[in-house]
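Structures are listed in the sections that come next.
Next come two complexes built around chain A: one with chain B, the other with chain C.
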Partner chain A sequence: MFTRGTLIYIGQRLVLIVLAVLGVSSLVFLGIHRLPGDALFSEHLHGDQYQQTLHHYGLDRPLWVQYVNFLAGMIHGDLGESLVNRGVPITPIVLREMSVSAEIGLVALIFTVGIGMTFGVVAAIRQNTWMDYVLSTTSVIGYSMPNFVIATFLILVFGIWLDNFTQGTFYFQIGWPGRYGSIGAIWLPAFALGFPYASIVARLTRASMLEVIRQDYIRTARAKGLREAVIMVRHGLRNALIPVITILGPLVIGIITGGVVIENIFGIPGLGKEFANSILNRDYNIVIGVFTGYAALVGLANLGVDLLYVVIDPRIRY
Partner chain B sequence: MTPSTRADAAKRLPAPILQVKDLQTQFLTHDGIVKAVDGVTFDLYPGESLGIVGESGSGKSMTALSLLRLVPDPGKIVGGKVLFRDQDLMQISDEEIRDIRGRDIAMIFQDPQSSLNPVLQTGFQIAEAMLAHKKATKQQARQRTVELLKRVRIPAAESRVKDYPHQLSGGMRQRAMIAMGLANAPSILIADEPTTALDVTVQAQILELLADLNQELGTAIMMITHNMGVVAGLCTRVLVMYAGQIVEQGPVDQIFENPQHPYTWSLLKSIPRVDALRHERLRSIEGLAPDLLRPPKGCRFHPRCPFRVEKCLTDLPPLTEVKPDQLAACWVTMDRAKKEMGADQLLDIRPGAASGLEPGKIIP
Partner chain C sequence: MAPTSFRILKTLALSAVASLAVVACGGGGGGGNGNLASDQTLNFPILGDFGTLDPATADAETDQEIQQNFQDGLVRFDANLNIVPDLATAVPSASSDGLTYTFNLRKDVTFSNGDTFTSKDVLFSWNRAAAYQGAYATNLSAIQGYDTVAKNKKAGKDLEALLEANDPSVTMGGLTAPDPYTVQVKLSQPAGWFMTAIALSGSTGWIVDQKAIKNDPDNWWSNPATAIGTGPFKMVSYTPKQSVEFDAVANWWGSPKPTLTKVKIDISVTNASTAITKYEQGGYDIVGYGGYSNLPVADILRIKNTSNESAQLLLHPKVRSYWVSFNMVHDASRQAGGPFLLSGGDKAKNLRLAFALAVDKNALVQTVCQGIVCTPATGGLIPPTLIGHMDSVDPLSKFDAAQAKTLLQQNGGASAVAGLKYAYDPENPLNVATAQFLQAQWQQNLGVHVDLLPVAHSPFIKARLKGDYVLSRDGWQADYNHPQDWFDNLWGTKLGCPDAGCSTGYTTKAYDDLQAKADAEPLDQAKADYAKLNQMLIDDVVYIPLYYSVGAFLIKPYVKGAGTNSFFDNFWNGISIQSH
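Showing the complex of A and B:
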């Protein structure tokens, strides 16, 4: 499946991802320094003290000198330290937050693909029956609702109503208890994040499955005397997945960036939460770090999606 | 096959292996009912090779698909019987017909490019046919797949097993399809235009292969084609279909030599000849195949038939024996057309031209 060519391809893509990440962080570096105000704004420092602090962090030097220093740090994997929480190095923070965001994103992706494909396949096989209508309607509702509406609704139902209704016997933890969270804490935000996209996947799978089950090779499979379930899964679904994978690229990006809103609503210490805080604080280094983390996540996720093609469709070789 | 052995083969007819009686398949469309197969009756004998010819839309493919209940939506088999080993294939359960498909009656299709699944290994798709009927273990199926691929003369069969369909040539794909059809050593192989998508030299190879398999394995072949040449090369008996009905049937030699239905006669006349003069025009059949939503009254071929008489416009002729073993559905038949209307010298093939019943002269 993965030939030598594929490995070379992966290598090339990784180099491109590094370049893209550098490009993104450079743009963000320049952009954030053009914003009015600075990291020390909220501390109300005056006169010499202010100048000294600026000097300490090298913020009084010309922008291009700062940029060269920043690049040098980046290449060594050092994103500098926080300007607000002085002395705290950023790289470990961003890495930890990346893992949290990736964890939620991954579970959201499993929801998206799992729910989406199941709905799509069932709706296609039972085309124009009540089941098809119920699933298709659910899909329309799903993608008409923004993820923050779903998130708020889920918190209301599972965090408050369920708790009140059962006198506290059953409740779902909202928030993030430990470093890796818990299953209980992860599935609500992941669902809110993934469900709108699941609806898109469902519609696409349905359409693609409907097309596939009219193909000649499905007729061949029937003529061989295969069972209907085998025909649908082995011969139908695998072919129907090819267009679905195409949409998976933009969809993964949607899930990653959608995390910004969801993490803030659920209070999850991921990249998304840091993203909002750091911009408000003008904590330059963290802002750049967060963007760098996002760029890396998106790049890697896209590479993963492209490699999925090779697994699903033998006609595609890199 | 020499003409004499072929005639013998046509003559000694044991009990039929498949009996089709008054088969009717219809499509319910928004515009009305399309009678794609309209009362088809024929027998298939063990080990013979039967050709079904007709132009596009004549119902030959639908007849074949109906036999295995593979008619696509919105098609429905609305009547008739298909008797195979004392059971009516139209009446048995879905599970029972599933078990007959590919095991006792296999089917291969036109255009192997689209008939093979692009994302599965070719060898696996062949082995799957055996595994579906629990005919073999995985190990045995894999082994037999290689044997089958050798049997259908695919070079380097051992390594081709793992190839995906897009890695094979058109001819090899059709050979793989045939291997798949033969996987369970079926008693009947239905081939639906298996050579149409292939170029001429490959066509010849595939036909030769089918003829050999028919001889050696004794598999009855039902060959669906629009190509009279294919029938001449492979089959012992032939059915000619027009507008969802059989218009003529009989031994190939007899029908090629002396067709009795004007449609068969026209089809044979329209085969291009190498020995024809350069300036001679290619013969065709005037007009178009009828719209099956509104088939013409009387004989369905009458709007295109040069020999039609008054009766053809109103009454549907039944399939009757016109010569020993040869059946035709025609009020006139070519014997009479030749004697009374000079069919052999006929140049004008417009409808009604020979019988004097031209379109302008029809009183509605």
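Showing the complex of A and C:
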């Protein structure tokens, strides 16, 4: 599937991702050390004992020494130790939470693309019918509502109004029982995360499909006697996908960053929840780790989207 | 034939319904029949991961609540807060000069990995804790040689090497082991509080296994293979910020023998309301354990009004007090100044009293805590159930708007206290509500406008201890049941007042002298002197008492033996799960 040129392109992008991740984490490192307050100081731990604890974590050294140590650790994949959860290495935590966020994000992306394209295609081929109006209106509502409103609404519906139907176990999923990968636990937060973006995809797909299905090659395909479904999927949808893929990059970033809100609402132990907690706890090492994780996730997701072009449109080469 | 798009839509709809069906399984429990359940697993959440389970550096309530179930001290507090023997065979008395304690150790104790417990472990644990200089290192400060060890700067494997070599830099001279089952402690000066301090669970007086720590001195406590203690439970798995599990130790040496076979603690939920909902849906057996009994008032009110769950709610006074501190010293280090200084004499004292009397503490408790999660601090700053709590009513806790107004008028009027700010840390919602209530009371009852200054917790504490605020939120959670914990850690030169680590700056020679005397006395003798110290604070109007906190717990009816005292959760080895 991938040519040598494409593989070289992937290699270059990976190098750039590494540099970007290093740059982001360095900026966060330097910025966060300018903030007032820290995780260690408390009513019980101050004075000499506080200084001793700072010494233990190397936080009493000059900033440049700390920075050099941080960079050395980063290069070896070591993001340091948590200050609140003392001594616990951060790298495994960030990797685990990154996988949770990626899992939610991936299902949200499936919702985004699946629902968005379905709505868009149906609205296009049933243009100016009641179905078009319903789907278009739904799309407008979708991208008019922030994801936290949708999330809260879903909790209201499935957690409270449909309590009898869900046997109360909907709430059991809030707080995450630890079964990562269970679609039953993922689909609701993923829907809340993906639906606003699905609405954008729906509108774009509809517009794109309307343009494509009026092209001569579609008329030719019909004249050849191809079935309507084949025409729509193989000739129509495939060509209509290019502009959708183009906005997929920003959408993926939106989904990843939107996870901060959704994970906190649903209590999902991903990067987003850690992001909020670590800032509130002033656990700076974890904040840096989470930013690093996010930078890596965004970089890799963008690379994945760019590679999709090659799959969708064989004319595109890197 | 339906178009492809319709089929896709149909598939999506079916998937959604199927997902709902997957979600809609499981359920909650019912009442008990008095028999033990076959599954003796206790589930509860803690709303934040523990900081550490290393007694040398632990300083959070959650840490200690966990540690008290898998580690031990030579002595400990029982459910009634009496000091009882733990790894020692008896609670020793001080020698006649008050300087020597001799502990005889139990000979039947083993760590959960099978290692035998001896006096060597005590020396290692205590010297190590003094060398690490964690938040509670000063609990050992009465021991001869502590000051030398406290200067240690080594940590990790370097420190372990020094400890193993009995290097003088990390060895307290007053701590010796005449034989494998005897430990002798010599104090540098009499300290009536010493026994209470080392009984504090999960803290510097508790015992660790040198062999287990040796290879991973910093993180031994987070690895089930090395998180070794002498307690009735042992760690079997731990995923940071996710979950931790403990199993009962087979043939544990102590009593009562644990009935629970497993304790599963969920660390993934950080929101109390979410935890309560999960409890109500059968996901947990208890909520509020592990130092998280500050459940949201709205949830407690809702549960109180239910017919089936109100009986599961346990409200119990805890050992935290809240008050307002005045800045009482102005010097090169303490920049805040203000109208309440000790050097201001009677005028400043009367202004402090005016501010204290202008606050209706009963109304505060109703407004801020809905009359549930706190009670008015009417018996001094030391909460009820603790030694040192006043028998009489603290005069500073009274509400007398008329007298407050008169005092203000007689001492300069509103202009004397113009431009004041009340600083507080808004992370705790009660602090926000309290600040707003105080502002309204001072405005209404004194005609004085006080601005509110919210500051993030950590910078707030730093600035307060530096003397940067004229009026500030203050509070203390008792570490152990001894008045010394309060009078040594909040005021006086011994703490560092006026210029180091001191919210008010308050210190007088009379206070320092009496404090030194009280600290050196056995508790029975010292009580009267601590009461006099308390009276000094009242006479000098050092604080405005606000409220004592109340802990809230939810406990399923089939969980027997769970509960709390004012300090800590009931031990896991006294809990059982009934059939339900």
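Everything that follows uses one rule, which is that the second predicted complex is superposed on the first by the 303 of 318 C-alpha atoms of A that agree within 3 Å, B and C clash if a C-alpha of one lies under 4 Å from a C-alpha of the other, contacts with A are read in each partner's own complex, and residues count from 1 in each chain.
One rule holds in what follows: contacts are C-beta pairs under 8 Å (C-beta built on N, C-alpha and C of every residue); 3 or more make two chains touch, one makes a residue touch a chain.
Model, not experiment: these values are computed from the prediction.
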item	value
Simultaneous placement of chain C and chain B on chain A, clash or fit	fit
Touched partner set for A:A221, first chain B, second chain C, both or neither	first
Vertex chain A, arms to chain B and chain C (CA centres, degrees, nearest 10)	170
Partner chain in contact with A:W187 - chain B first, chain C second, else both or neither	second
Dominant toucher of chain A (residue count), chain B or chain C	C
First (chain B), second (chain C), both or neither touched by A:R317	neither
Touching partner for A:L280 - first (chain B), second (chain C), both, neither	second
Which superposed partner A:H235 touches (first chain B, second chain C, both, neither)	first
After fitting on chain A: smallest Cα gap, chain B-chain C, Å	13
Residues of chain B touching chain A in the complex	68, 70, 72, 98-103, 106-107, 109, 111, 114-121, 128-129, 132-133, 164, 166, 177, 180
Contact footprint of chain A on chain C as seen in their complex	3-6, 8-9, 12, 16, 19-20, 22-28, 45, 48-52, 54, 57, 59, 132-138, 150, 153, 155, 218-219, 222, 239-243, 266, 268-271, 274-275, 277-278, 280-283, 427, 456-459, 461-462, 465, 475-476, 479, 496, 500-501
Contact footprint of chain C on chain A as seen in their complex	36-39, 41-49, 52-53, 55-56, 82, 84-89, 92-93, 96-97, 114-115, 118, 121-122, 125, 158, 165-178, 182-185, 187-188, 228-229, 232-233, 267, 269, 273-274, 277, 280-282
Footprint of chain B on chain A - complex, ascending	214-217, 219-227, 230, 234-235, 238-239, 312-315
